[in-house]
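Shared chain: chain A. Partners: chain B in the first complex, chain C in the second.
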Partner chain A sequence: MNAIMAIAGVVIKELYRRKDFYVLFVLTAVVTLLLASVKFFDDRNIVRYLKEICLLLIWISALVIAITTAARQIPAERENRTLLSLLAKPVTRGQFIIGKFAGCWLACGFSLVVFYSFFGVVSGSREHSFALPQFLQAFWLQWSMLGIVVALALLGSVVFAAPSSNGTICFVVVGGILLLGRHLNQVALRLPEPRRTLLYTLYFLLPHLEWYDVRDLVVYDQPPVRWAACGLAMLYAGVYTALLLYAAWLVFRRQALNQ
Partner chain B sequence: MNRPLTRILILLLLGAGSFSLATVLQSRAVAWSRRGNSDSALEVLLGDGRRLFANHFFVKADISFHSGYYPSIFDQEQAPQDSHHMTEEGSAHRDAAEEAHERQMSFLGPPRDCLERFGRNFMVTQHSHLAGGNEREILPWLRLSAELDPQRVDTYTVASFWLRKRLGKPKEAEQFLREGLRANPNSFEILFELGRLYQEDFHDDTRARNVWELALNRWSDQEAAKKAPDLLVREEIAINLARLEEGAGNFASAVDYLELAKSSSPAAAILQQQIDELKSKMARRENPAGHAP
Partner chain C sequence: MDPIVELKNLRVEFHAQNSGSARKVAIKDLNLKIGAGEVFGFLGPNGAGKTTTMNVLLGFLQPTSGSAFLFGVDVREPIARQRIGFLPESTYYYKFLTAEELLRFYARIFGIPRAVADERIDRLLSLVDLDAARKRTIKTYSKGMQQRVGLAQALMNDPDLLILDEPTSGLDPLGRMKVREIIQRLKNAGKTVFFSSHELGEVETVCDKVAIIHQGELKVEGRVADLMAKHQANLEKIFLDIIGYQPPLAA
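Our next item is the complex of A and B:
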């Protein structure tokens, strides 16, 4: 456990030493504040467009942080030749993978806390109310989803040669699932066999990341999701994260370290 | 003449030539590119592609109006094809339109599998329209849509409807409609909406009449020759003009307008009844003693 936490700690330190997070946060803040300063038809009470754009920026920023941070972890250790010395210590490859995952996931969590605090301040100052359960659910569900994304990027980093290709593939896959995942079954039903079965199987196999996107519920002041459903969604995310990490470990276990 | 001086003179000659050529070509080059004489930075940046974004933002306004409950491109029932449901008020054929809209928006149906059933916990699944002043939330998207595509007439009429009807901002509505009219000087829809604003909000019947008459002329110029003209707008303009003329005591003009509206109205019988009433009023005025002519 100590080894895992030590590796995770290094990843978290890396997040606040690098400029990615600061740049993304400042961009999000500047765009949101600029939009907040615009007055539409002399009405100060309009707020949903601001919440929508701010949450969209938070989602984009969080995905960028998660994928770029996770995708460069193992290739950077290889490139800097620190991987050999790290694994020469009493650290197993499994601990190494879990440590990297924990670091990236916690780093995403810290980033989300900062982003959501900013969102809460902006939204609360305009609406003069604060829907705490919806905020907590949006935060928690997004963080759970980022667990799957981080695990996917770690798996990609042991499969693909370069972090750039891994990052691009991860963005395409995650973006594709977020945009199309919910509709794959509808599309499958309109296809002839055997494409129908193949697409429907893919629909059941893919992690449904779109469930974790509850921005509409927050933006349009809808009632919160049932807590039982939230719990099940977290369990679902946990299972997929574990599967992807296991796959990453299986590939990494057999890899030569001096590649 | 020494060589350096020749070089300088050649350079000066070339410079003068390019300057003269630039003054000749500049005015023509502006005409070659439609972007060159654009007032809007967005038009310069996006060109005609901005119309796609404008459409997206108009749809976004509709999504906001439905609080996030909206069909995707994959849903069998497509998104509402027009913006009438965004500006509907209670009347006979508006109720039918509302019913059709309700049918259009029941696109979700029963879940097809367990994953879809579970996924519905995390999305908006109730069809509702904004109310209680929250209609203002659609305005930023409409403003953006108008910025990107000033030729989209719906944007101005929909925004004006909400501004004056629900948000009590007729001045802002007039300003926005005027902006729309500058971009679309021949739009009978904007003129019709402007007339309603003058009549219902500013109670200025004279300006309303002028604007509606202009709208009717514009309608005749543009729609009359079409295979499928927009008869609904003509009917609405004619009925509003008829009410105005009736209020001013010009029963003959009111009858003419009602006859025009009746020719394309699904509620022709009701309009005929109103025409008959007006005719009897006219008869009573011409013959106050009460004798039938």
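Our next item is the complex of A and C:
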């Protein structure tokens, strides 16, 4: 556990000492505050638009942070040869993968806390009310989803040598699932066999990241999701995360670390 | 007494690139034993198999056949690496950390208690002359300073065996002298040091024993003084003879 937490600690330090997080946060804050200062035809629903845009920016920023942070971890360790110093110590490759995952996921969690705190202050100041359960669910489910994304990017980083190609593939896959994942079964119904079965299989195999997108609860002040459903979603995310990390370990444990 | 490092019939083969299914033999049935308290120089020209041997010892590479042991424990067991320190060649440590944070990170890996780690970090940073730069991030360090912080991390767990891969490569004469001093100090403290180097004068000065490897085969092994007496030559001459170097004929 010492080794895992130590490795995770370095990843978190890296996040707050690099500029990426600050750039994304400042960008989100500037766009949101600019929109908040403008009045469009005295529209009373303007706060909803503002919340929608701010949450969209938070989603995009969180995905950028999760994918870029996770995708560069192992290739950077290889390129700088710090992987050799680290694995020459009593650290197993499994601990290394889990430590990297824990660091990236916790770093995403800290980033989300900052983003959601800002969002809470802005929306609270405009609406003079605050739907805490919906807010917590949106945060918690997004963080759970990021666990799958981080594990996917780590798996990619042991398969693809270049972080840029891994990052691009991860963005395409995650974006594709978020935008099209929920429609795959409907598309499959209209296809002839065997493509129907293939697409159905894909529909059931893919992690449904879109289930974790509950921004509408916060934007339209809808009632919160049942907590049991949230728990099941967390379990679902945990299973996919574990499977992806296991696959990453299977690939990484056999890789020769030639100097 | 059990050897600290032991290689038994070690053989490593790679798929040679650009040659179809042909396999390149990097290490040919290497047998080696290093005893406690020895400073052992591992010599050979580039591509001889020195780093590959170290990679097997550190568990980075699976041998094709044969076995390797550290302190009598198979190198495939992570616990075999509990009592070793390793300095890889030309490593660029986490540039966003300070030297102090880097050493604290490695101390946590070994589970060293905070008070012991604090004392050891102070001692190591002054040993490698980085006390004044301990709060600066590593990205501001020169190559020599990076190499010295690498040496400090290799000593963080107070290892009984130190494995150094070309520790003086890229260092200025002062840096080399410092590394030599540290190796000498470790030797006096009864530690075992296994290192590869191309600096034969340096090896002659600090090593008790050497092994010369060429094209994956162990060509010679023995005490430095014995080899020099037997060949009536310095280590550089012995090395060049063993690898078959022919000096160009004078015009």
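Simple rule for what comes next: the second predicted complex is superposed on the first by the 254 of 259 C-alpha atoms of A that agree within 3 Å, B and C clash if a C-alpha of one lies under 4 Å from a C-alpha of the other, contacts with A are read in each partner's own complex, and residues count from 1 in each chain.
Convention: contacts are C-beta pairs under 8 Å (C-beta built on N, C-alpha and C of every residue); 3 or more make two chains touch, one makes a residue touch a chain.
Just so we're clear, the structure is a prediction, and the values are computed from it rather than from any experiment.
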For this session: Would you sort A:L232 into first (chain B), second (chain C), both or neither based on which partner it touches?
Result: first
For this session: Check the residue A:V187 against both partner chains and state whether it touches chain B (first), chain C (second), both, or neither.
Result: first
Exercise. For A:V214, is the partner it touches chain B (first), chain C (second), both, or none of the two (neither)?
Worked result: first
Exercise. Touching A:F25, do we find chain B (first), chain C (second), both, or neither?
Worked result: neither
Exercise. Just chain B (first), just chain C (second), both, or neither: which does A:Y240 touch?
Worked result: neither
Seminar exercise, completed: chain A contact check, chain B vs chain C, more residues touched by chain B
For this session: Check the residue A:A88 against both partner chains and state whether it touches chain B (first), chain C (second), both, or neither.
Result: second
For this session: Answer with first, second, both or neither: which of chain B and chain C does A:F204 touch in the superposed model?
Result: first
For this session: Using the superposition on chain A described above, determine whether A:F115 touches chain B (first), chain C (second), both, or neither.
Result: neither
Exercise. So, A:I46: does it touch chain B (first), chain C (second), both, or neither?
Worked result: first
Seminar exercise, completed: Interface with chain B, chain A side, in the complex: residues 38, 40-43, 45-49, 141, 182-183, 185-187, 189, 203-204, 208, 210-214, 216-217, 219-222, 225-226, 229, 232-233
For this session: Would you pull the chain B residues touching chain A in the complex into a rising list?
Result: 64, 67-68, 72, 74-76, 112-113, 115-116, 118-119, 121-124, 133, 136-137, 139-141, 143, 159, 163, 167, 169, 172, 176
Problem set entry | In the complex with chain A, residue positions of chain C that touch it | 51-52, 54-55, 58-62, 78-79, 81-82, 84, 86-94, 96-97, 101, 105-106, 108-111, 137, 150, 153-154, 157, 163, 165
For this session: Quick one: which bits of chain A touch chain C in the complex? Just the residue numbers, please.
Result: 2-3, 5-7, 9-10, 13-14, 17-18, 80-82, 84-92, 256-259
